[in-house]
Every structure is written in structure tokens, then in C-alpha cells.
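Order as written gives the chain letters A, B, C, D, E and F; numbering starts at 1 within each chain.
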């Protein structure tokens, strides 16, 4: 094994965006991107977690994976909500977290804001496009 | 300019790893620095040293390894994704190392650009 | 012949191709992300309703539950089955064509 | 390693259909399904090789993979053509091979029958649906 | 009734292997015979014995192996697809065997139904 | 910001989502199966032509060649680049959003 390599990131805060476009369980992207989001909190980075297209189903309430025998990752959003709360409340940390659902994707699937396991901002596509254009790092799975 | 790369898919089934490899090669040729290639999701399968493509096909595992040696590119395999998929020190190809997901965030912060290749 | 569709109708063309290339009367089973086609009140509901006049449509219950969809979310006339029901459908209808 | 297990298949001929719906090179399915088709010739099975949706690009003429450094599998269709010729000409073998392109898929992509590396039957979707419904084994990749 | 199964994707990234596993279990429970599960394309990754999922997640590699032992299901990994992807005797999980693609055609002929699971 | 689309416009909704969620003026690079959107005379050609009034569109030459597509098959106004050109676009336009 090679030696560990680390880059100096002290004091740098960037705008990270995580784009979730895929339905949960059919593929694993929903679960593994969540792990990436959680790690970024340790680096005190801005995080914009966006759900568009079938990604909106990732945070649908009532997921029950017993019969498919897969891991129900939707419970992890409780941790995301806590991280966001910490970021919002702690003035010493320069870290802004936003959780956004695209309105058009939500409506096309017959869903409403109270169908989700986490509080979200519902934003129409033209406004979301502007938010997206301001990001520095876009991670899509 | 400093680049970070994220590869989400394994070799063979999707073109993602091929595209990433060509992008990285072209960036180096143009004098840019590729600080790190991070392999996530099925991308960890790029580090399986037991992979043995047919003689008339490209061998991405070896190509990535060579790039790492010749141009000092840090090839990092996500440990959580790798454990699930059976990539461990025992079958890890030359030039790759296994580390935590924090190394993805880190290169995102340190590099000027992060480019994602996947399905 | 029975057709299976495992892809979201919002994301891919699999369901469209299945509908274009299946003969009248052949059943369609929705599974995995394909179950999203079975829900009421979406942008693809009309297409699925139209398909129901030509095809009996089944949907895999375990995949609905995983995605937080209850029986009440499902369009009328679509039959929910479990894995055992999936097996029975394959036994009954012969060749399986999976629209991957 | 467990012992080899073989099933008795002597004298049985079934209708196999191979459905190709994906563009080449973006995914490997095109190449590996071709390997499956070739093997079935050794078992003297009927084979219906169908190209629908983006699968029609698999047999597009002029593929040049030098710059992407991937294996150009389209050359293998010469072998498929030979196998088909053998099946057509040899009265002792009960093996019918058909190579079919769906007309609608071809036209939607601006392609014509002479754009392909192999002779194909171009068949409209309603007629192809009937042919598909008569198959016994459908292998899709 | 006699079933053959084709699995085109690996564990984790796509649900195909999960769905196939549940289908096979249900068929056996109903008294049917599953003659063979053939693993092709990335499906060969289902046979990687080094795979170690998290404790609270299912372990498909082991689940398939158990099924093979308990119900005499023949689990065959395609040799050509496996070589490319680095699945060899050295890392082959219990209950699987490596063989040629002809074994897919064979089970197609011998079984009453062939069901394909993939992406 | 530059957007990349690597999926076929006939099979998936990636290009649609990219067009809906990108601001006017931001360039789009088509690569892998995404290059199929760049060809003339297809069922998506009109959509791509309309997109060109809002976005400069680039396409990766090596991926066109692999799929048997020549420069003459490409719609007017779309610029063909090689991997080096891809790198240059990323250097020039900042953040990359990959519509996977």
C-alpha cells in the first residue's frame, strides 16, 4: 500500500452540490451519494443537496424495504437534517446546507412537499438553474 | 490547472472509465496536473488486479496503473464502496491505494476543477 | 409471452418500446424502478391507462413498498403481486421478454 | 471447483431471440451479446437477432474505435453473416437465422438499410411484435 | 416446472441480482426446479468471495451460495466475462463454478423458461 | 459552468433535464452515447436545434467515430472537439456538471 496523501484544505470553503436524479433501490447511487454528503460536513463545506427527476423518490416517506431485503437508507436523512441544523445554528461555522427539490420533477410524479422524509425547499426549474450555475463542485451519481 | 476526477463505474460495462482515462491523459499532455482520481461506486472495480482482458482489447486496470507511476497521479479507491464489492489489499492493482471517502471531498476542495464520469 | 419492464417511465424509453413491440393481450409486469409507472396522477398516467386497454398490467408489491408507494397510490386495474405471483405469471404465460 | 454439469439438449431446437436495444461502446452489452449469439450456432438453434431503439447503431457502418481505444466488435458481424449463410444452405441442419432491424427505430435515427455492416430485414413494429411473440427464449442485454 | 435464470449485473449497484434471488427463492418455494443461474456481463461480480457488505445490509454473494447448497442450484459464472472483470478460481465464492457461455444456451434449451434480470 | 451529457437522447431524459436546468449561454458537451444527439435528420434533431439558440453545443469526435458517425452526419453549428478540446472547455468554463 502506498503512503497516505493529503492535500491542505484548511480554511477553504467551497460550494458543493450533490445532484440526485435516480430512483432509489433500482440502483445504489442514492445510498452511496448520501455517504459522500455526510463526509463533506466534516470538512465544513457548503452543501446543496438537490433532488430532480426520479431522484425525488429518494426522500419519499414510507419506504419499507423488508420484502426486497435491501438497506433502507431513507432513515439516514435524519442525520442530514441534524447536520443542516448544526450548520444553520452555529455562527462559528461558515457552512450553509440547502436541501432542494425541483418543483417540476415533483409535480410530474404526483408528489407534494409533505410527501418527503425531510424538510425541503421546493424550487422551480428556472430558479434552480441559476442556483446550480453558482456551484463550484458538482457531484452526480 | 489542477484537476480532480471522479470515476463512478467499473471498466468494460460502461465507457465512463475509458472516457476518464482519455481526459486525464489529455490534461497531462497539456501540462495540467491531475491531483487525484477517486474511484467510487462500481468504479472501485477499476482496481481489480485479477482483471485479464483479451489480448486485442485495452487493459484499463494496467493503463491507470501506468499513468499513476509515470505522472504521479494519486489513484484512490473508496474503502466503503470497495469492501462491499470485494476489492481489498489482496487483489488491489499496482498504482492504486484504498482510502476514505473524505479524500473525494478533499480533492474537490484542493483542485481547480472536479470532473465526474459515470453512468 | 409475458413482458417485464424494470426501468422508470420518466427516465427511459423501455416502457414505450415494450408497448410498441408487444402484441395485444400480452401481460406486462412492472418491477424494480419500473413500478413507478403504476402510480396515479403522474405525467405518464394517461399513457399507462391507454396501455391497460391492450394489456393486463401487474406490478411487484415489494418494489412498491421499498419506494414508499402504497396500494392506494396505484392506478385502478393494475394488479399487485409478490415474488410468488411473479413466478406464477411466468409459469402461466410462457416466454419472458425482459425490456432491459 | 465443482464438477461440470451438463444437460441433455440433443435433438432439441428452440427459437432464441437476441434483443439489442443499446448503443455500442457507451456500454459493452453489444459486444458480449454477440458472443452469446455465436455460441448458440454450435448448438444448432434458431436465432433471431433483433436491433431496436439505439441497438440499430450497433451495426452502423464505418465504426472506427482507434481514438477511444476500444475493441471494434462490428467486424464480428462478418462471422454472423457466415453462420447465417451456413444455416440457410445446409439442408441437414434445422437452424434458421434471421437478422432484423425495426423500421421505426431505424427511421427515427435517420438511418437506412444500406447503412448497416450486414444484410438485414427491415420490419415495422406491428409485424415485429408478432415475430417476437413467437419466440421461446429471449435474451436481452 | 424447470427454470433457467440469467443475471446481467453485479450486486449493489443495480437491483437485478436482488430481484433474481427473490424470484429463484419464490420458485423453489413453490416446488419448481431452478436448473441453473448463469451470471454474465457484470453479473460475474456476484461470485466475488472478497465482497464484505456492511453488517446491516444483505450479502448477496453468500445468499446465492447458500441457495446453491441447500437447493442444488447450479451457479455458473461465464468464463470470458469473468476473466475480463477479474473473477477467477482464486476469488471465486463457494457454490459458484466458472464455465463457458455454452452453458447459457444449454439451460435455455433444457429449461421450460429462461428469465433475464439486468439493467 | 459547462454541462456534459453522456446518454442517448432517444433512450434517456438526461439531455432534457440538462436543457431544463441550465442557464442560457452555458455550453453543453455531448460525449459517449450522448453524441447521438448531434446527428442530423433524427427524431430529436429539432429539439437539439432549438437548444442551440440558447447553448453552444460541442461533441466529442472520438465517440462519433466509434459509432460510425462522420463530420458530415453532424448538425450545423455543433463543434467537434477531441479529448484535448474537452480539457480546454473545462479549463475555460469552470465548474463541470455531468448529467449522469
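Keep this in mind: contacts are C-beta pairs under 8 Å (C-beta built on N, C-alpha and C of every residue); 3 or more make two chains touch, one makes a residue touch a chain.
These numbers were taken from a predicted model, which means no experiment stands behind them.
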item: Touching chain E and also chain F, the following chains; value: A, B, C, D
item: Touching chain A and also chain E, the following chains; value: B, C
item: Contact-richer chain pair (by C-beta pairs counted) among A-C and A-F; value: A-C
item: Rounded Å distance between chain B and chain C, as computed from the means of their C-alpha atoms; value: 38
item: Geometric centre distance via CA averages, chain D-chain B, whole Å; value: 33
item: Chain D-chain F separation of Cα centroids, rounded to whole Å; value: 29
item: Shared-contact residues (touching 2 or more other chains) in chain B; value: 8, 12-13, 15, 22, 41, 54, 57, 114, 116, 118
item: Sites on chain C at which at least two other chains make contact; value: 6, 10-11, 13, 32-33, 62, 82, 95-96, 98, 100
item: Residues within chain A bordering two or more other chains; value: 21, 25-29, 53, 68, 70, 137-138, 140-141
item: All touching chain pairs, where touch follows the definition stated at the start; value: A-B, A-C, A-E, A-F, B-D, B-E, B-F, C-D, C-E, C-F, D-E, D-F
item: Partner chain C, residues of chain E touching it in the complex; value: 1, 3, 8, 15-16, 19, 22-23, 25-27, 29-30, 32, 113-119
item: In the complex with chain A, residue positions of chain B that touch it; value: 6, 8, 35-36, 40-41, 74, 80-81, 89, 92, 97-102, 104-110, 114, 116, 118
item: Residues on chain A engaged by chain F in the complex (per definition of touch); value: 19, 21, 52-53, 102, 104, 125, 128-130, 132-133, 135-138, 140-141
item: Complex interface listing, chain A residues touching chain B; value: 1-2, 4-9, 12, 14, 16, 28-29, 32, 35-36, 39-40, 42-43, 45, 137-141
item: Sites on chain C touched by chain E in the complex; value: 6, 31-33, 62, 82-84, 86-88, 90-91, 94-96, 98, 100
